[in-house]
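Look for chain A in each of the two complexes below; its partner is chain B in the first and chain C in the second.
Entry: the complex of A and B
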């Protein structure tokens, strides 16, 4: 244990030298990132309604939830399974405070009052859950957050006064102002894209801000950080608060997307799906969850047809997901991104370029991070 | 015990009063005022017994979970799948042969075999990487759940209770007194009592095996310090396999029990995984007595809650967990 820590300390000066470069805008010199951004912006010209909403907007929404998990797991070392629960709570709150088909439950507030209320309540909910989870460490976090998520699922199933039991709340109203129906395919896609981009850059910025660096220090060695005068638990709870806010945003978008919310959307299986998305994509970089979400959504949408075409039972979609997840966990500590990086490294082996070294370092850091849990 | 009384006299007094009240509630004939306020005594006693027997079932599931966690630091989130697998195996055997007892034996052996395979093929490769192991168990639980859905479908199954266990038995507990002065005794399903007795026997046997035998000593040493135990020359991998087999086998047995007095269907795996998570969080991870206490508390809370505050039964369970985490984050009976 202590050996590993000392090894990491000797690595640190190089990181400090590179710091000035790291401070700049993320990926600003990367042509691939510009290409992806451009394609995302002109997507409505390429894709029709089904692909735009069912594939890309859904990907971005799921990616946002997984992003909040990635922030906690990658930078804070806390694998929280309740991120979907927070999103679901926020979605329920939008439905309860806003306008919906269940007039006996919904309070009928306008969306610009209901949404901030939902965001605030969901953030408080997630922060309280986080404050509970940080009382224990590492692997216990998974158990406690899973228990919270499952308790919320069973509660929504049983409670009829607020959550309307297992039928949930239907026909939730979506915003409609300035003469634009914001739930129409193209405006909604741009809303989702804007929120996703904001959250992506916010996570990227925080990871390099003093708070994010302290959080990564807490992840790697909480005792040393405590000795340096950092309040370890306060950093962790603050990380939960931020991640809860991101998840709450995703929840608002999700309820606008489907126009309904029911216990099925906050089930334990769905909570675990978010973990799968984040892990498959890779939990060391903010872009990972979005890649994972794209893979997941594509599989979920097309696996049935694909399996039937191969002459197999189309209902075995979850088996495919599970096996794919197992394969990723077995062979790559950093999801698809890790596989891609190791492939790139093999392509350039022996070149010894500075970016190659940086990749190797980050890969090493991630494997240590995941080992410490 | 006496040290606890000396240290916390106020708590000891509260515990004694609580036990006295509970005993009075169970044995005394309730006065009319109490029946008006709370409900019939028969309802209360039934909920109490259901809670205790459910606690026995939870103990069977959670003890394997906590044993595996305590020794190998492996949070086996596929434990619920092992439970459901054992249940399906038990159903198949009892439907094919008609023997209830045989279904337990076969379910234990088969789930223990699955456990051995998991430990040898999967978990041995990633020893010491807690998070990765947990991820793998999540993946496995998804795969198992889908395979079982494939094989058994989405129907409900119930293991047939043997003839000699069907029917209620009269317990020497008075529920009410008729106007003629004749007491009415509580009637309770025999099979539930037998299953509860069996889980107590299994619990005591596990306690004895852990505290009075050589292999138990090795396991306890492994729970305390795995590396030091390996350094003294114990073949630790063999111990891991044995413990994993035992823990998985217990989950399988619990599956048959659950299939007998509840039912088996997809989704039960997650329900029992959650139950064992909450039980070990409340009782203390890695502690067998903790699992017993936690199972009793959660079982009682669930059943009494579902009778007296039906909408919020699950919240009571959850509040207990929150309370324990707030007061004793390591669990009620954990040493660390």
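Entry: the complex of A and C
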């Protein structure tokens, strides 16, 4: 133990200096992040319409929903299964207040009125759900949010006056102004990319702001937070409000993407998909949900063909996702990010002596263990 | 160390902490029975007693971690019996925990920063602290005061036990504390670290009173002017350290097992 301690003391100072210098934006110094940003920006030059929308826009939308869960679970220690439900509620509200093929239901408001309304209502919906959920911890939070998700699914199935039952609301209008059809592939891709980037940076920024730090304090030790003067439940509810807003944004993009919304989009299975996406990607950093979403969308899109080629039922793509989920949870406590980080660590320490590596790794492991414990 | 009279002149008269008939039940078990204590502002007091005497429960009732089953608690004259913990903390009450209650996923600096932020405005701020953030400086000073500047960017999970105990104290001294409850701050410390602890306690500003739970008589009796003995959830004896130390009943209780 004392050896490990010494090793850390010699390793730390450089890392510490770096961290305080880059306290603002850790990505600015990372060439890989710049490369990803550049590729995302010029994507329409590389990818055709199918890839642009079905793969990348869909990834970013699902990633946004999973990002809202990552914010709650990673920083707040609250696993909410209703993030997709909040997005779905927002999508329904866009369809109900805006213009759609179901003229008897939709109020026909222009999009610039319908969207803020949908965002506000979905944020309130998620905040109220959160206010219920914060009275519980751990598995009970999961159960309450799952119950809210399931209740909303069955409600949309059975309510015809507003949600149009199991058929849902179809041919939802998408914005069209300044002579641009914003649902055309390329403009829509950029809208989705802009919203996703905004939310990503917002979550990253807030994680180092007092609100985000306090949320991580609540995750680590709620009782001590109360003994430091924080109203823990108010903090948790505020976190739900923020996460709900992110999920609501994703819901608006989703209904514009598919131009329809039906109970199938808010099913319990879909709620759990968001959890899988977040966990597979990794919930300690905001980039994780987007990585998880990309893996999920690629599997969902291509596993079918792949399985059929192998002579299996194409609908078994969930089996692949499930196996991948198992493997990742088994090998890494923090999804793909965790795998990546441990791989990088091994690369970097390959140069150093083997004993030094062992020390550092054991230090890392023990610190992780105590954190998850 | 200043005289009691000097300290009293700083803070004025009136009780800092006043417990009347405080009882706490856990089911049929009475962890505290009819506890009445008055502590003057700036007063420094030790609470002694064997395991299960109700010392930590007393702290939990004072901070509101557990509300008392009956009785009233006044903090600087204000009835805080039904206040949630955070309201009491914002009024200047602080505490440390017997088993370090820190934020292992955050750095030392962030731990102390949170403590400073908790007792000031802007707890929900979405804006990152800037270069000249006053609370950031306050946090840095506190980190320095408990000799942790060298490790301030390390995650707390990586700290040694003694360092965690020091951080535990730093968290309780953030902002403008008026009264602090120290729950066995010396637990698991080396003799050197104990000396540092005594130095930190005795150099606290005169207006800050505290109650300290401490098994180590050498530490306890050196940093307080009054001692309360607890036994089986009741106040057993109160007096000056010398009186308590030489009291035959206390000696029998402490040296002769304690449990019944």
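In this text, the second predicted complex is superposed on the first by the 328 of 373 C-alpha atoms of A that agree within 3 Å, B and C clash if a C-alpha of one lies under 4 Å from a C-alpha of the other, contacts with A are read in each partner's own complex, and residues count from 1 in each chain.
In this section, a residue touches a chain if its C-beta (ideal position, glycine included) is under 8 Å from a C-beta of that chain, and two chains touch if they have at least 3 such contacts.
Nothing here was measured: the structure is a model prediction, and the numbers come from that model.
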Partner chain in contact with A:259 - chain B first, chain C second, else both or neither: neither
Chain B versus chain C as contact partner of A:269, first or second or both or neither: first
First, second, both or neither for A:183, with chain B first and chain C second: neither
Chain B versus chain C as contact partner of A:158, first or second or both or neither: first
Contacts of A:238 with chain B and chain C, given as first, second, both or neither: second
Contacts of A:217 with chain B and chain C, given as first, second, both or neither: second
Which superposed partner A:225 touches (first chain B, second chain C, both, neither): second
Chain B versus chain C as contact partner of A:316, first or second or both or neither: first
Overlap of chain C and chain B interfaces on chain A (superposed complexes): 370-371
Contacting residues of chain B [partner chain A, same complex]: 73, 75, 77, 128-132, 134-136, 138-140, 142-143, 145-147, 150, 270, 274, 277-278, 280-281, 285, 310-315, 317-318, 321-322, 325-326, 329-330
In the complex with chain C, residue positions of chain A that touch it: 5, 8, 12, 15-16, 19-20, 23-24, 205-206, 208-211, 213-214, 216-217, 219-221, 223-232, 235, 238, 363, 366-368, 370-371
In the complex with chain A, residue positions of chain C that touch it: 63, 65, 84-86, 89-90, 94-95, 97, 101-106, 110-111, 113-115, 117-119, 122-129, 153-155, 157-158, 160, 171, 174-175
Chain A to chain B touching residues, read off their complex: 79, 132, 135-136, 138-140, 142-144, 146-148, 150-151, 154-155, 158-161, 268-269, 272, 275-276, 279, 313, 315-316, 318-319, 321-323, 325-326, 329-330, 333, 370-371, 373
